[in-house]
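One chain, subunit A, appears in both complexes that follow, with subunit B as partner in the first and subunit C in the second.
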Partner chain A sequence: MKARVYKALAKAVVLESIRRKDLWVVAILGFLILVSSGALGLFGIGGLEIFVKDLAVSVLGLFSTILAVLIATRMMPEEIKQRTLYPLLARPITRLDLIIGKTLGAIAVSWIAFLLLAALTGLALAGFHVTFEPIMAQYLLAKMMGLVVICGLGVAFSTLMTPSAASTMCFVIVFGSTMISRALVMAYESCSPLLQWVFKLIDWALPQVSLFDLGGRAVYMHWSPVPMWVMGALALYMAVYFAGATGLSWLKFRRQPL
Partner chain B sequence: MTAAIDVQDLRVRYRSKKGNWVPAVNGLSFQVAPGEIVGFLGPNGAGKSSTLKALMGFVEPCAGECRLFGAPAGSLEAKKRIGYLPEVAMYYPFLTPIETLTLYGELQGFGARAARKEAATLLEVVGLQESAKKLNRTLSKGMLQRVGIAQSLLGSPDLLILDEVTSGLDPVGRKELREILKDRQRQGTTLFFSSHELSEVDMLCDRILILDKGSLIEERGVEALKDQLRRYVLKYHGPAMIMGIPGEGDESEDHVFELRCSTKEDLILALEKVQKSYGQIIDIESREGSLEEYFIDTLERAA
Partner chain C sequence: MAVAAICACAVACGGWIGNFAQVLNPPVRPAGLEAHETSAGASLLGQFRASASAWLYLHTDLYLHNGVEMRPLSDAEKLAGRHGVGAADDGHEQLADENNLVTVVPGKERDFRGVFGDLERATAAYKKMEGHKHNEPENTLPLFRLMTLIDPQFVPGWTMGATIIARDDARTGEALSYLKQGLRENPDSVEILSQLGYYDITRWKRLDEGAEWMERARAFGYDRFKFLDESELDALRSVYRWLGLCYRDMAQFDKLRSALSEGARLFPDDVIIARLLNPPPIILSDSAKKAWTARIEKAAGSQIR
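And then the complex of A and B:
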C-alpha cells in the first residue's frame, strides 16, 4: 500500500518535471558536450584521454548535483505555494508519506537527468575510442547514491527555510563539506574541549558527499574496482543520511499549519 | 448513531507575521448527522475555512476537538471516508485531469487501473470527459473547479467537505453540481459545505450554521427558517385600513391595501375581518423570505 503511494507521488513528480521541460537542461548540456567533444576531435585528443575523461566526469558530477539541488529544494515549497498540497493530504496518507513520495520523485528525476547526461557523455567519449574500465559502473552507482543524499538534504532544508536559502545551504554543504571538515580538523587542536565536541558533532553531522565521487579513480586507467564492502558502506551511509534528512523534514512538517 | 461531524469547543489560532496569536475560531461546537446537508455561512474572515482545515487535520486546534464518524480529524481512518474540495482549486499544472484524478485515486487506495477507470467515470459525471487529456494549466477556472469536484467524489466518500463549492462555476455548472450533490445525498452521503451563494444554500441545505468572528451565532433548519421568513400577502380594496387586523399593512394604491401576515392563522383571521368589513379581496400571495436579508440581519444583530 505504502509502495503504491510513493510510486504514485514519484511518478507525478517525474511527469511534471518532463513536461515542465526541466530535463531540457540535460538535453542542452548533452548537446554542448557532444559539440565540444566534436571540437576537441578537430585538434585530435591523442594522449589527452585522461584529460577528456576528467573533464567529462567533472561536468557530469557538477551538473547532476546542481540539478538535484534545484529540483529537491523547490519540491515541498511549491506544493505549499501552489496549494496542490490540500487535495493530496485530504487522501488517507500521512505527511511523512508525502515527504517520502516527493523526495523519491526528486531522486528519480535527478537519476534520469544524471543517466541521460552520462549516456550522452559516454557516447561523445566513445566517438574518440576512449575506453571505460569496470570502475566506471561503480562511479555511476556511487554518484546515484550521492544524489539520494543530496535530494534528502534539499527537501529537508526546504521545509526549514525559504527555497533560495535552502538551495544556497545545500550548495554550501554539498560542495564545501570536505573543506569545512578540513577546516574543523585544523582548528580542532587549538580549541577548548567543549568546542572540540561541537566540532566533532558538526563533522559527524556534515554529509561527506565527496565520498560518493569515484570520478578520480574512474578517470585514471588501470584502477581496479573498489571492494564491494566499500560500496556497501556507501549504501549504508546513504541510507542513514536519507533517513536522517527525511526525519528532519517530517519533524518540521508534521504539525505545520497549512 | 455516531455523528458524521462532531466539533466540540474548537479553538484555532494563527501566529501573525508580528508573532502575535490571532484567533480564527473561538469555542465552536456543532454536530452534523449522517445524511444531512449542512451549509456553513459567514462573512469573509469568519473562520469557515479554518474550521474546515481543522476538520481535515491541516491545522491543529489549540483547544477542543473534531471527530469525523467518531475518528479524530486528520487521522487516516477519518480521511478514508472524506472527500474534500479546497477553497481554491489548484492542481498540478503539467498533469491532465485524468492523470490528476488517477494520482488521487491511487493515493486513495485504488490500483492504477481501477484508479484510472474511476477517474474517467468521474470526469464524465462532472462533464469534463472531452478535456480529460488537456493539461490542467490550459483549463478555465470553472473547469478546474470541476476537476476539484471530481477528485472530492473519488472513492464514494461518506462525507463531502466542500469549501466554496460553486466558486468559478457558471449557472449551468451550478445546476449540474446541485444535481450531483443531491444524487450523492440520496445515496446517503453527508454534505458539509461553506458558501457565499445563499441561493445554493437555500436550494441544497437541510440546515445552516452561521459563523461570525470565529463563533457560531445561528443554527437553523432551512425549512423552519423559510417558514419563519415566509409572508402571506393579502391585497384588498376597502374604505380604510381595518382596525385590529393582524400583520403589517400599508396603502399601496388608492383604497388598495397590502397586508403582510407571518402565519396562515393570521391570514385566515385577516380574511374574516376583511369580509366582515365588506372589503373586496384582490389577491392572496405567499412570498418566500430572503435568506440574504436574514443572513445580513443575523450578522448585524450579532455585531
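And then the complex of A and C:
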C-alpha cells in the first residue's frame, strides 16, 4: 500500500520535473560535454586520456551534485508556495508519507539526470577511445548512493529554512564536508581531549559524501574494485543517513502550519 | 569536460584573434601596465589561463602518484616531529622533494574517524606511500604541453617539462628545443636561460655555448634582481656558480672574477660562490688548503641571516 503511495508521489515529482524542464538543464549540460569533447579533440588528446577521464568524472560529479541539491531543496517549498500541497494532503496519506514520497521522487530525478550525463560523457569519451576499468560500474553505483544522501539532506534543510538558505547550506555542507573532515584530522592530535570529542561528534554528524566518490580509483590505472563489504557499508550509511534526514524533516514538517 | 571546453576556447581565442593574443601574451613583458591590468576581458581570460595552467601543474603530481593525493606537512605537524613519506624509491627523487609530504587521506594509525576513515581509505585512491614508486614521469609530458599551450608565460611548465624530457640523455636535444620554444615566449626568463646553459654544459660539454646562455641569464637576472621571485633567485644563484666553473675550466680568469664577484655581492651567503672566488693558493699544503676553504666557508656562512 505504502509502496504504491510512494511510487505515485515520486512519479509526480519526476513528471513535474519534466514539465518544469529541469531535465533540459541536463540536456544542455550534455550538449556542452559533447561540444567540449569535440573542441578538445581539435587539439588531440594523445597521452591525455587520464586527464580527460579525470575531467569527465569531476564534471559528472559536480553537475549531478548541483542538480540534486537544487531539485531537493526547492521541491517542498514550491509545493507550499503554489498551494499544490493541500490536494495532496487531502488524500489518505500522512505527512511522513509525503516527505518520503517526495524525497524518493527527488532521488529518481537526480538519478535520471546523473545517468543521462554519465551516458553522454561515456559517449564523448568513447569517441576518443578512452576506456574505463570495471571499477567504473562501482563508481556509478556509489555515486547514486551518494545522491540519496544529498537529496535527503536537501529535503531536510528545505523544511527547516527558506529555499535559498537551504540550497546554500546544502552546497556548503556537501562540498565542504570533506575539507572540514580533513582539517579535523590534521588538528586532532594537537587538541585537548574535550576538543577531540567535539571533533568526533562533528565528524560523525557531517554527511560523508566523499566516501561515495570512487572517481580517483576509476580514473587512474590499476586500482582494484572496492571490496563488497565496503559497498555494503556505504549502502548502510546511505540508509541510516537518509532515515535520519527524513526523520528530521518529518519532526519539523509534522507540526508545521500550512 | 566543460572545463576542457573553456580551456579549448581560451586557446582557440588566442590563435583566432591574433592581435588579442599578442596583447595577452607579448613576447616581452612590458614594464608598464599590462593588458590584463587595463582590460576586464583580458584580465578575466588571463586569470583563467594562469589558473588553468597552475591547476594542470598540480595535476602532474597526481599523475606521478597514480591518483594518490599528497599534501605538505603543516608547521604544527613538523613541530610535533612528524615526518613525511620520504623520497620515492625509483630514481625520480630529483623531480620533487617529498620528504615533507604525506597523503591527504590519513593512514589508519593517525585517523580518529574509525570506520569512516577505513571506508575513505577503501574508496579513495589511497595507499601507503613509504618507499613508493612513481608512474613514469613521461606520462605527464602531454600535461606540460597542454599547460604551456594554454599559458605560454607559465615558466615552470617549460622548465619541468624539459627536465622530464631530458631524463633520457638521448632526448637532450628535444629538451633544448622545448626550452627554446619556452624562451621565445619568455625571452627574459632566468630559469629557462640557466637551464639551457645547464644542458649545454653538463650533457654536451659545450662550455662556451653554455656560458653564453648563462651570461644572458646573468644579465637579465642582475637587471631585475630586486623583482625576482624565489625560484628565479635560485636559478640566478646557480647561474653564477656555473659561470664560475665554466670560466675556471676555460681558463678565463678575468671573466671568472667578474662573474663571481658580482655573484658574491648578490648572494653573500653562498658558500660555493665564495669558494670558487677564493680558491686556495696551489703552494699551500693539503691541510692548509682545507683550513683556507674552511675559513672561506665560515665567512660566507656568517652572512646567512
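One rule holds in what follows: the second predicted complex is superposed on the first by the 246 of 258 C-alpha atoms of A that agree within 3 Å, B and C clash if a C-alpha of one lies under 4 Å from a C-alpha of the other, contacts with A are read in each partner's own complex, and residues count from 1 in each chain.
Rule of thumb we're sticking to: a contact is a pair of C-beta atoms (placed from the backbone, for glycine too) under 8 Å apart; a residue touches a chain by one contact, two chains touch by 3 or more.
If you're wondering where the values come from, they're calculated on a predicted model, not measured in any experiment.
Engineer: Following the overlay on subunit A, give me a clash-or-fit verdict for subunit B and subunit C.
Structural biologist: Taken together on subunit A, subunit C would fit alongside subunit B, as the superposition shows.
Engineer: Who touches more of subunit A, subunit B or subunit C?
Structural biologist: C
Engineer: Quick check for you: in the superposed arrangement, does A:19 touch first (subunit B), second (subunit C), both or neither?
Structural biologist: first
Engineer: With the two structures laid over each other on chain A, which partner does A:255 touch: subunit B (first), subunit C (second), both, or neither?
Structural biologist: Touch status of A:255: first partner only.
Engineer: Looking at A:197 after the superposition, I want to know if it touches subunit B, subunit C, both of them or none. Which is it: first, second, both, neither?
Structural biologist: Neither: A:197 stays clear of subunit B and subunit C.
Engineer: Report for A:8: first if it touches subunit B alone, second if subunit C alone, otherwise both or neither.
Structural biologist: Touch partner of A:8: subunit B, not subunit C.
Engineer: Figure out whether A:90 sits in contact with subunit B (first) or subunit C (second), or with both, or with neither.
Structural biologist: Only subunit B; A:90 stays clear of subunit C.
Engineer: Could you look at A:31 and tell me whether it touches subunit B, subunit C, both or neither (first, second, both, neither)?
Structural biologist: After superposing on A, A:31 lies clear of both subunit B and subunit C.
Engineer: Once the shared chain is lined up, is A:233 touching subunit B (first), subunit C (second), both, or neither of them?
Structural biologist: It touches subunit C, and subunit B stays clear.
Engineer: Rounded to the nearest 10 degrees, how wide is the angle at the Cα centre of subunit A between the Cα centres of subunit B and subunit C?
Structural biologist: The three centres form an angle at subunit A of 150 degrees.
Engineer: After the two structures are laid over each other on chain A, how near do the C-alpha atoms of subunit B and subunit C get, in Å?
Structural biologist: Between subunit B and subunit C, the minimum C-alpha distance equals 31 Å.
Engineer: Once the two structures are fitted together, what part of subunit A is touched by subunit B and by subunit C alike?
Structural biologist: Touching subunit B in the first complex and subunit C in the second, no residue of subunit A appears in both lists.
Engineer: Quick check: in the complex, which residue numbers of subunit A touch subunit C?
Structural biologist: 29, 32-33, 35-37, 39-40, 42-43, 46-48, 50-52, 54-56, 58-59, 121, 124, 142, 181-182, 185-190, 196, 199-200, 203-204, 208, 210-214, 216-217, 219-223, 226-227, 230, 233-234, 237
Engineer: For a test of understanding, state which residues of subunit C touch subunit A in their complex under the given definition.
Structural biologist: 1-9, 11-12, 56, 59, 62-63, 66-67, 69, 74, 76-77, 80, 104, 106, 110-113, 115-117, 119-120, 122-125, 135, 139, 141-143, 146, 149
Engineer: If we count contacts the way the header does, which residues on subunit A are in touch with subunit B in the complex?
Structural biologist: Residues of subunit A touching subunit B: 1, 4-5, 7-9, 11-12, 15-16, 19-20, 82-84, 86-94, 255, 257-258.
Engineer: Provide the residue numbers of subunit B that touch subunit A in the complex, in ascending order.
Structural biologist: 14, 53, 56-60, 76, 79-80, 82-84, 86, 88, 90-95, 99, 103-104, 106-109, 111-112, 135, 148, 151-152
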